[in-house]
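Look for chain A in each of the two complexes below; its partner is chain B in the first and chain C in the second.
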Partner chain A sequence: MTAILELENISKQFPGVKALNDVRFESRAGEVHALLGENGAGKSTLIKVISGVHKPDTGTMKIEGMPVHFDNPRQAQLQGIATIYQELSLYPELTVAENIFMGHGMRRRMGPFSVLDWKAMNEKSLELLTSLNIHDLDPHRKVGALTVGNRQRVEIAKALSLNARVLIMDEPTAALTEADVVRLFEIVRLLKQRGVSIIYISHRLQEVFDLADRVTVLRDGHYVDTKPVSETSEDDLIRMMVGRTINDLFPKLPSEVTHEVLEVRDLCCKPLTKNVTMTVRAGEIVGLAGLVGSGRSELAQVVFGITPAESGQVLIEGKPVQIKSPAQAMELGVAYVPEDRGTQGLVRQMKIRENVSMAVLSTLMKGIFVDNNAENDLADKTIKQLSIRAYSREQVVNKLSGGNQQKVVVGKWLASKPKLLIMDEPTRGVDVGAKAEIHRLISELAQQGLGILMISSELPEILGMSDRILVMREGEIMAEYSRAEATQENIAAAMMSDAVRNMNNQRKLSESSKV
Partner chain B sequence: MTASTHSNSGAASKKDGGFLSSLRGFFGSQEGILLIVIIVLMVAVGTSNPRFLSQTNLKDVFAANAYIAVAALGVSMVIISGNIDISSGALVGVLITLSGNLAVGLADAGWPLMLVNIIAWVAPLIGGMVIGAVNGFFVAYLRIPAIVVTLGMFSILKGGLILVAGGNTIYNLPEGYTIAQQDWLGIPSTIYFMVILTIVVFLWLRYSATGRSIYAVGGNAEAARLSGINTRRVIMITFILNGLMVGICSLMLATQFNQIQATAPPGLEMFVITAAVVGGVSILGGTGTVLGSTLAAILVKTIGSAMVFINVSPYWLKAVQGTLILVTVLVDVLRRRRQSRQ
Partner chain C sequence: MTVSSNEAPAQSGFSLRALLIRQEFILFVITIVGVLLLATQSDKFLTVDNILNQGRLVTEVALVALPMTLIIITGGIDLSVGSIMGVCAIVLGYSWKNLGFPLELAIAFTLVVGLVAGLLNGLFIVRLGLPPLIMTLATFALYRGLAEGISQARSVRGYPDWFFEMGQKNFMSYEKGVPNQLIIVVIAAVIVGIILARTPFGRGLYAIGNNEMGARFSGIPVFLYKLVIYSFSGFMAGMAAWIYVSRVSTTRSDMGTGLELDAIAAVVIGGTSIFGGSGTIIGTVIGLILIQLLKNGLALSGVKGDSTTIVVGLVLILAIVLNNFIQNPPEWFKRRFASS
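Moving on, here comes the complex of A and B:
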């Protein structure tokens, strides 16, 4: 088999992050090549380089031996590279045929004009779909009315209409039902027979073994290895993906774990919170691991009253409560540092002082006006306690660095004197120095008796900070490990694959004491 | 950033001469620039035509147009909250007609004059708040975009007004009704309305919890909601207060002359929005002060009057007003873009 696509020494630097560092990749005609790595390993950046969205800083890219440079996605498309992103990029108000031919419509002559030839396009669409063994999709239907599985088939037909030689699929099964997954696999195999090279990204390891011929693993922006799937195993792949050492980025302080601050029983809120039962105790850091979309943030939002629970029980310090709104959660001593500080955490054009006091303003009143002195004191205290680097409390938060912005959000919630602090990706998008500082802060807060529920996509962070680790997948808590028994491998396995979990269970049963 | 930062940033930067630096801060802000532009414009036009600075003309510029600044207070609050109100002109038409007809009708029915006047003064305030509450309910609780809600309200009020009042003029207003004509201590009463209301609204927005919430909701509604702020209630309050300001504006306009034209003053809503935007209230919500909107209302009127005195056709006023809006919004957008890039 010959290589269609070859990448050598690809590096890509973003402000503050080296997303790709000397990465190579090669895919052949008629193969399914799986691309694996943790969140943030560089998979997305790599496929964006291949599809012309990002230009690499260094390195060469060849198609069938010829060097190519893409300035934009259009040029990549013309070279036969098609990408199906996780969020499908279709126009819901247009028909199937209109979507398939978006940007490269077929034309015919009408007198002196060249006009779009809808008849030909509808016929061609039908032909494309038929060639994929899709016989139940009318080219005249609006895409908005289709199921996710059908929309994906439209995307594939669109890729074919561009004569794609390389088809990149970014987590294509993430939102599919099982029946749709089976059909998708059939289509992928069909394309493979026709000599299309498929780059397949998935977190589900089982799919890699079902479908792929070779697999390439990335970690922290570095190339790890490429192997034929037949010569590897799930354990092997997981080790390749997560194998890194934990340094003292995680200052963990001893802390006295006492009573239960939060207990939830059979908590449900469709579609991503299913029968969740868990506890968080005072002085304890509970790490909540799981893939993006596994329902971690959704669980936090149920507990914080943003999307109130449909059923199940919530107990705060042993007392049953109903939490219907964030305001109510705050009164009960729950605080939530959201995932995205820009859209959910901060009012960017306001000052540090105004952001920090936002959640507790009603307690800072003197008559009908806000008590300036009390507010200033609070802001100064917060800046000092969290060592926020700013020239004054009057600085607009937009001008702070990511790490300092995050500290302002944390400060806002500490001002409400919570008993339970939920932190969703507390160190996303902050540099390493600030990361260590935020970790220290989390440790100190636990030491002071706060119960902390920390959601994170970074396994080292989960392992380094947590006293106890819960793993979620598809809205359920799949596993619980103590700090002592948790390893990157068993958490990653619980996050990703049924197969591994079942295997582990069987192993547990048969050997009765392993893992 | 604004006048209020005097005390705050002054305290924060004591070392480098707090007063001077906060003074510099003020003149670097939108409000400071407006003040400078107004003064420069007055001096320049006054030099070329001294009659511009005569007492009658200044009275006309400040007193006769104070009602625009008052309505701009309301719409500024609405825009700061991240919404918009384009119904205020039509609402003013309805409220002045309501007030005038009540005054004439009740006086004819033989009610005591004092009581008649009080009713006729208070009625537009209540009416304004009721319509504001309706707008606010649609925006906050039914989540219909404010531009759609207030566009609908604009048509309903304007159409209704023509049906009911037919553009008539209301004469024979009872004695004592026309408070906007009065001078108190030698200063026209409307100036008091404008100045006092501007200060009160400014302080309320800046130092009350609800006022602060309006900025928070306009700046980032999601973050505000997650901080326990009842965003719907805040939007509702904002629209009701806007209605109150429109009501006071109507009261000032209705009592300005000895007769009332029962129509909506043409283009008033655009005038009012212009004042807010030129005054530094970001159309994207979350920033700006009513000090700015009041100064901008004065500026626009000063320009209008100045044009007459230097023999420029007043028809240019609209074009100047439009240019002002575009320039201000452009500056605002560029400023934000620069900030977000950092």
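Moving on, here comes the complex of A and C:
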């Protein structure tokens, strides 16, 4: 088999991060090539380089031996590279045929004009779909009325209408039902037989073994290895993906773990919180690991009252409570530092002072008015305590660096004197120095007796900071490890591998049979 | 951690430059210049009597412009206030004349109807997540239709003399003096201004306008606050109806037509961002004064009605362009002047 696509020494730098560092990749005609890596390993950047969205800083890309440069996705398409992104990029108000031929409509002559040939396009669409063994899709239907599985088939037909030689699929099964997954696999195998080279990205390791011929692993923007699937194993792949070094971390301080501040039992909130049972104790840092989309933030938002629970129990310091709104959660001593600082954590156009006091302003009163002195004192105290680098409490938050913005969010919630602090990706988009400071801060807060639930996609952070680690997958808690038991490998396995899920199910079954 | 060097210095007491670039201050200067120019055209313009009388005429717009400021600060809009005023005026006349309510009760009932009309806007906006523009556009038509339906194109007249006290007399019934309704406007403006500037509620409105989700995630009761401001808007439209009927001695279903646009114009000229997040009551008050004196001054100078409207439109554009220019000056301007 010959290589269709070859990439050598590809590097790509974004402000603050080196997303790809000397990466190579090669895919052959008629093979399914899986691309694996943790969140942030560089998979997305790599496929965006291949599909012409990003231009690499260095390195060469060849198609069938000929060097190519793409200035935009259109040029990549013309070279036969088609990409099916996770969020499908179809037009819901247009028909199947219109979507398939978007941008390259077939034309016919009518007198002096060249007009779109809808008849030919509808016929061709039907032909394309039939060739994929899809017989239940009418080209005249609007895409918006289709199921996710059918929409994806339209995307594949669209790729074929462009004579794609390389088809990139980014987590194609993430939103599919079991039946749709089976059909997708059939289609992928069909395309493979026809000599299409498929680059397949998935977090489900089982799929890689079911479908792929070879697998390439990336880690922190570096190329790790490429292996035939037949010569590897799940454990092997996980080891390749997670072998990250743990550095730049503040060593966790010892703290005294006492009573339970939070207990949840069988908490449900569709679609991503399913029968969650867990506890967080005072003085304890509980790490919540999982892939993006596994339901960690959703769980936090259920506890914080943004999406109130549908069923199940929440106990704060042993007392059963019903949390229906963030204001109520705050009263009960729950604080939530959200994942997205820009839209959820802060009002960035407002000043540090105004953000820090936002949650507690109604307690800083003199009569019915805001007590300016008390508010100023709170802001100054927070800036000092968290060493927020700003020239004044009157500075607009937007002008601060990511790390300092994060400290403002933390400061806002510390002002509410919480018992439980939920931190969602506390060090995302924060530079190394600020990261260490935030880690020290988290550790100190636990020492002072706060219960901390820390959501993070970075395994070293989870391992370095947590007393106890919970792993979520598809809305359920899959596994729990003590600090001593936890390793990058067993956490990653619980995040991704079906084996752990089966074990877990069996454990549940045996538990329930005991009862 | 990096702090750009060309920013305004920290608020260390009084800063002349900070005052000079305030939109309110610029507007104030424009207003003064405009008034002085107009005063040269007519000797009736710049007299105490005339100015106070203008205060009487601007009352209805001013009353709804206050809650409108709060609503626009949250990034919303209320197009239905003119129609609420229409329906309230009709309710006042109808409940007194046809239902036989004592006039005092009819007034109270009118205010309640206004409040409920506004609350309805708020409920749909908050509970069903309708965009305020769409919801209040719908009730803009709906409430006006109600007013016309109830009134059956008949006007109500023959109110007792004491009822005209509010709309036509001066404070303490002096022959010359401050119109009664102007006192109400001033008190309302001061209260609303203080609430906006100095209470957690006011701060919450700014937070909602800048980032509603961020406000919600900070435990601010966003839905409650929105209900309050839309209800308040309806209530003030009811007040405006009462005062207007008292001023013109009659009730008609087309009262308040175009009121919402005058109010929005005053709020926006007063420096409140139409996208939400910033604005002040003092700005709105200056906006109201500017528009009213401009209209009056031009009319006294012999400019015809249509041309007056054109000038008001031009001033609106000018005020916004000037404000954008000062808030985000172009590079050449910064290089020349901002070094000071």
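Following the convention adopted for this analysis, the second predicted complex is superposed on the first by the 497 of 515 C-alpha atoms of A that agree within 3 Å, B and C clash if a C-alpha of one lies under 4 Å from a C-alpha of the other, contacts with A are read in each partner's own complex, and residues count from 1 in each chain.
Methods note: a contact is a pair of C-beta atoms (placed from the backbone, for glycine too) under 8 Å apart; a residue touches a chain by one contact, two chains touch by 3 or more.
Since the structure is predicted, the reported quantities are computational estimates derived from the model, not experimental observations.
*Asks:* According to the stated criteria, A:Met350 is in contact with first (chain B), second (chain C), both, or neither; which is it?
*Replies:* both
*Asks:* Touching A:Arg389 in the superposition: chain B (first), chain C (second), both, neither?
*Replies:* second
*Asks:* If we overlay the two complexes on their shared chain A, which of chain B and chain C does A:Val181 touch? Say first, second, both or neither.
*Replies:* neither
*Asks:* So in the superposed three-chain picture, is A:Met102 touching just chain B, just chain C, both, or none of them (first/second/both/neither)?
*Replies:* A:Met102 contacts neither chain B nor chain C.
*Asks:* Thinking of the overlay built on chain A, is A:Asn398 touched by chain B (first), by chain C (second), by both, or by neither?
*Replies:* first
*Asks:* List the residues of chain A that touch chain B in one complex and chain C in the other.
*Replies:* Touching chain B in the first complex and chain C in the second, residues 306, 325-327, 330, 336, 338, 343-350, 354, 358-359, 361-362, 365, 368-370, 392, 394, 399, 412 of chain A appear in both lists.
*Asks:* What residues on chain C touch chain A, complex-wise?
*Replies:* For this pair, the touching residues of chain C are 1-4, 7, 10-11, 194, 198-200, 203-204, 206-207, 210-211, 213-221, 277.
*Asks:* Under the touch definition given earlier, write down the residues of chain A that touch chain C in their complex.
*Replies:* 306, 325-327, 329-330, 336, 338, 343-350, 354, 358-359, 361-362, 365, 368-370, 389-392, 394-395, 399-401, 403-404, 412, 416, 434
*Asks:* Help me check something: in the complex, which residues belonging to chain B touch chain A?
*Replies:* Going through chain B, the ones touching chain A are 5, 7-9, 11-13, 203, 207-209, 212-213, 215-216, 219-220, 222-230, 286-287, 339-340, 342.
*Asks:* Enumerate the contact residues on chain A facing chain B in the complex.
*Replies:* 304, 306, 325-327, 330, 336, 338, 343-350, 354, 358-359, 361-362, 365, 368-370, 372, 376, 392-394, 396, 398-399, 412
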